[in-house]
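See below for the structure under consideration.
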């Protein structure tokens, strides 16, 4: 079985998380910039005499599709690296993936990762 | 059980949707900018005497991971707020999430949300 | 049953993939820009006498929610169009979607797509 | 009274005893050359201000309206040139004779006398035309920033035609053209009133008649900021304006051919510079005190406020007085911006606060350092020109509104004028942020009538 | 014939009866000073046009090629300076004597006479060198925009070396250097032909030899727009060019030391301005009519078209005629852009339409307002210079192509020259849009031979 | 010795036999006018350099600090104006008399003599004040780029106050104010040492006392590049500086009223241009050879290096020598940038390499082409001014550090000064890239003490 792990982390943690994951032998991931809304509150900005609240904070989402048995190690690694101990460190979500294909070769399943 | 709700909405609806969701007691969400292709057709642009079709329209994707029982209320709220009645209002997709971890504390499952 | 197909492809393949998919009668998709890390290595950049490695390469992610029976045809089409035969062509991931709603009409399930 | 050059002598208007002597001397060829060259070089600097306004405004609107504001700023300068040729110059300068208006007619150069060796005209006619024309462009530029992000481009350009061709020159004839205000002794050296507040009044009526941008003012008096998209571009625009202003004020000496003029030009340029410094630093300090942060756009506006403030009388103050005059302008701008917001007059770039408010302040401040002027006369000038521009520009705005229409549709406003009217994006390669809740490209829907939206099913987004 | 200053008198070439008198008078020190100062100030304005071209082109290429075009634009100006010193100036001006070429050799200032009190040279030699040099830079700038986004940077710079050092000065000697065209009476006041169309011809041969950008022309004659990345920057570039053009044309009076020259300078600057206005407004109107939208880049190109059009003869038209001459240029540019696209000649910024087409138009339009010129002579000038530049630049392009290579690899073109040749991004902090289907950073693969792609496995993207 | 204008004659300092004659002649009104006008026009060009520095630095910092650097650059120019009025000018020029310092006191214009017909002052006092003031602004601009991205804005502005009001004028009095260095024969025509290396020394002490940006230097001597956010803006800044430099050096002739001055001005401008060309091309070639790519920012720095290098003596070299002097500057800058990185002195825009290193080089190179100077005297000037500025600026930096604080918090540095101190984003509409691993907006955490982070729980990101 394959799992998808979505990690939402603070932007400056990307490098550390990436390194930790690759050390576990994972060779691929897909990263995107997102904006997070959560317990961590945003900040106010000022423009020409009017203040306003910016609620959404920049976060990085890392998507990994991996085989089931790798999940615990990855979760542990991400948690260790991405944790600063302060609000807004982010989340890890795990869900099922049914099928994976490597476009270049047509390989299937775990081999495709 | 936890569910992931992906809402694709028109950009200017983000604020309303966010407010409606937070009123339901949901305290977190992750937002990203996407481009949508659908029944709503794009527009043509003009550049130096040549027109071209822009098929992809800006949309906002809101990802929410919530506990199963909250799903119907959230769907109702999003639908109410994001609906303008015109083509391109967007979609809501729901899927399973197996595991959630709060990075800061290591909390698990529903508590992590 | 509905499935979500996530395709990660090289940016310049978007048009071809989009066309192939629409020819299969799929009328909607959601696209986002992502950065991929994988077997395809990045490149080095130079800034004021110091070189540095850029590991993440621009990729396009195409999300499609479709009915189960369309999946094989779509996978075949995407693979055909997105394949250049060289490293970094990308992946296709398939997973379950439980529910779909069209915000505008409230339609449900396959009709919502 | 400046700007109305009395041809007998290049120095007739400079009230310095020593020059009594010079007044009778015939204008020499060298004087003629230098006066002309000053008009040309200083005029080029003033033209450059059109670019400054363009960059300032391009930096202070949201990215979806940037291409449109660029086009407006460059095309209004084109309109100013053509209209000042077609009728503007003559309406402003031909045969005003203490009256209220010049005459209609194409302008044409006439330098036969000078070419025949008689230099009493003092400068070449084209150089004068050019120098006066670029001032007309500046008045238009003031309007464009204020009414940005919601006005249709062709409607705006039609307004510019009338402003450049009719409104600006008529009021201009009153003071600089030798009309009734000039006879009365009204002093506006380089145009705090004649250029800046004229642009300001026209912008004010436009902003009121157009209404605010959708979503700018929320329920309960809430002001929703719509931050400008490119701060360095706005900064560049301010630098350009600052540079161009040396020509705006320095060239308004209207002469370079004698020592007194060039001494005056030096004083004018030094004062202009220090008024800008004073305005900027005062605005920055004020913002820091009021808001605990230094809003950079307020600093920029402060510099411009200082420049506008000194423009009515840059030749008489000491350097210290120039700092103060500019500094008051800087304070005024920080107060005026939220004031206009309170009135729900939506001024995208702060043009009213800078050009109208400080234009008035600058004009009224002249008597502090210039004994030949009076508060009364200055007030009459400010009020009469204000009244004329308010009325005439309102008429024009309303005529446009009820004929070809003034404001773009709500959908177009949301999508941005660049896509709607230009069919192009200003920054097509960049992913722009549309997260409404971030206050940036926000479209706050509580201001949008749902019915309107439902009725236009084609262009929805 | 202009630009070839006859040292006996600063006014010898101005055909005005009143000046017959002046011609015999010795040049005074004041005249010498003013002429020199005009060269310097106007030359500085022309130098500023290099920045204008840079910003215009940086705004009109896609973000992945922006750093490269910036580098090209500033380094070509460096090359122009060095080459004009090494051989350009002398090839153009030293001992041409009605012939076809000057002499080889380093240029060096010689002002001994003036320092000894003999001002008959009319101006300092360095000021003249500087003023002529900046024109040479302008011709190069025209080329860089047209061949952008696919040419290798060093190959481009090698071409610039030959253009600045050999091609430009040789043809320049024919008219401005006092060569055969000048003897014939060919009139090109500030370089519609000598600068702009020369750059245009060199760009044309370059664009043809290079071929179009991958994906620009699709199947069935489809043109795939590749929109420029930064419209306000392109607008700024146009404003800069407009400003610099006052120096380009105004400085080409080549004198400031007498009333006739300064009258002419005033007329030249006013006409230059109105031609730009006319070109811009005509192009905008034309685009609105044809496409129902106002393409801002066409408006910008229209202004430039007006400027190029007036450049061959800005001293003789009335203001009205200047508007017309510029206006025709504006119309031409709107027609020429799709025309070149039809021919599949890929001109990234519209340089051919602006500089080549309007350069020819402007040169041919001179006889309409200048009785001393003839269509025949003007035509001979256009054709002979065109032929020379086409042949010589083709040779240079081809030599480069078959030695160090001209065009970057397809992979590099796709990744962008900034990464490929500079190793840097122009906007590294910004997320740029790579959605091929949006027509922006599009790489339309039907133009790419699959084989080529498979053979270079390393640099794939 | 230049810049200290001997009022008896405009040409006293130009060592040309023919002028012996002129020295006794009284200054004519025309000469007075032209000298003044030159100060004003050239001063405007130098003011424009403030915009150039602003755009260069805005282009070379990361997007999160862009609004702040814009504000710093425009406000430092405001400070320079006010401080030069309050005390700077008099400290530099009033009664130095071979000594070490002028006198304290407000500056005020005094042109009574000229207005009474005695032109022996040579130029109007305001024009001189203006021209000297803009140079003071330039020294500040050098500092701002070097210490960017980590210094608190008000702390920086306090430093500018002292630099403009005290440090710059005192050392300036030594040479240009007629102080001891000028008596000794130290030659710095337009300020390689007095302006550029002064800014450079102040920047050096600032950069050392502030420390490097977090994450700039990794373990094992690794340098983590933090690429600038907007290359075309940096290019524009360089073009602006290049243009302004014609005024910087050309205006430093300090006269325009006689043929010798204008000949010199022509030579100065041509040399200035070619030194920039030489610097740029040398830097580009050097980078290509060393790194196999042409780093565009090094090309830009190379042009500036050439300009700084020629500034100490632009009047004496031949064009060829100017290319060489500039070219050596261009090579130096390519070597100096990694050198300072090796020392872990974090110079964000390369200000030290350009202004300090080439300022020294340019000053020491003067004797190669100017027989009236000696390496010894030049060295004494460089060292004494260097020592003075190092000591005085270190004191000021340290006082600020231990009173109001110099450096922003680590959190603020990570979030960017724009949000932290201005409460605004420079490009709010654009999605900016925060992918640490891409080396762009990188915050390399190995440099960040974990404890510090945990202690400030509020502002975390």
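Which chain is which? They are A, B, C, D, E and F, in the order written, and residues in each are numbered from 1.
Definition applied: a residue touches a chain if its C-beta (ideal position, glycine included) is under 8 Å from a C-beta of that chain, and two chains touch if they have at least 3 such contacts.
Since the structure is predicted, the reported quantities are computational estimates derived from the model, not experimental observations.
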Topological distance between chain A and chain E, in contact steps: 2
Pair of chains joined by more contacts [C-beta pairs], E-F or B-D: E-F
Inter-chain centre distance, chain C versus chain D - centres from mean C-alpha coordinates, in Å: 52
For chain B paired with chain C, centre-to-centre distance based on mean C-alpha positions, whole Å: 18
Interchain centroid distance [CA atoms averaged], chain D/chain F, Å: 32
For chain F, residues that touch 2 or more chains besides their own: 30, 41, 227-228, 230, 236, 291, 293, 295, 297, 422-425, 427, 430-431, 433, 435, 437-438, 441
Chain C residues counted as touching two or more neighbouring chains: 18, 31-33, 35, 45-47, 51, 55-56, 84-88, 95-96
Chain pairs that touch, as defined at the top of this document: A-B, A-C, A-D, A-F, B-C, B-D, B-E, C-E, C-F, D-E, D-F, E-F
Residue ranges of chain A in contact with chain D within the complex: 35, 45-56
Residue numbers on chain F that touch chain A, as the complex places them: 414, 419, 422-425, 431, 433-437, 441-445, 453-454, 457, 460-461
Chain A contact footprint on chain B (complex, rising order): 4, 18, 27-32, 63, 65, 95-104, 106, 112-113
In the complex with chain B, residue positions of chain E that touch it: 223-228, 291, 293, 295, 297-298, 334, 337-338, 341, 350, 435, 437-439
In the complex, chain B residues that touch chain D: 10-16, 18, 31, 33, 40, 43-47, 51, 57-58, 60, 84-88
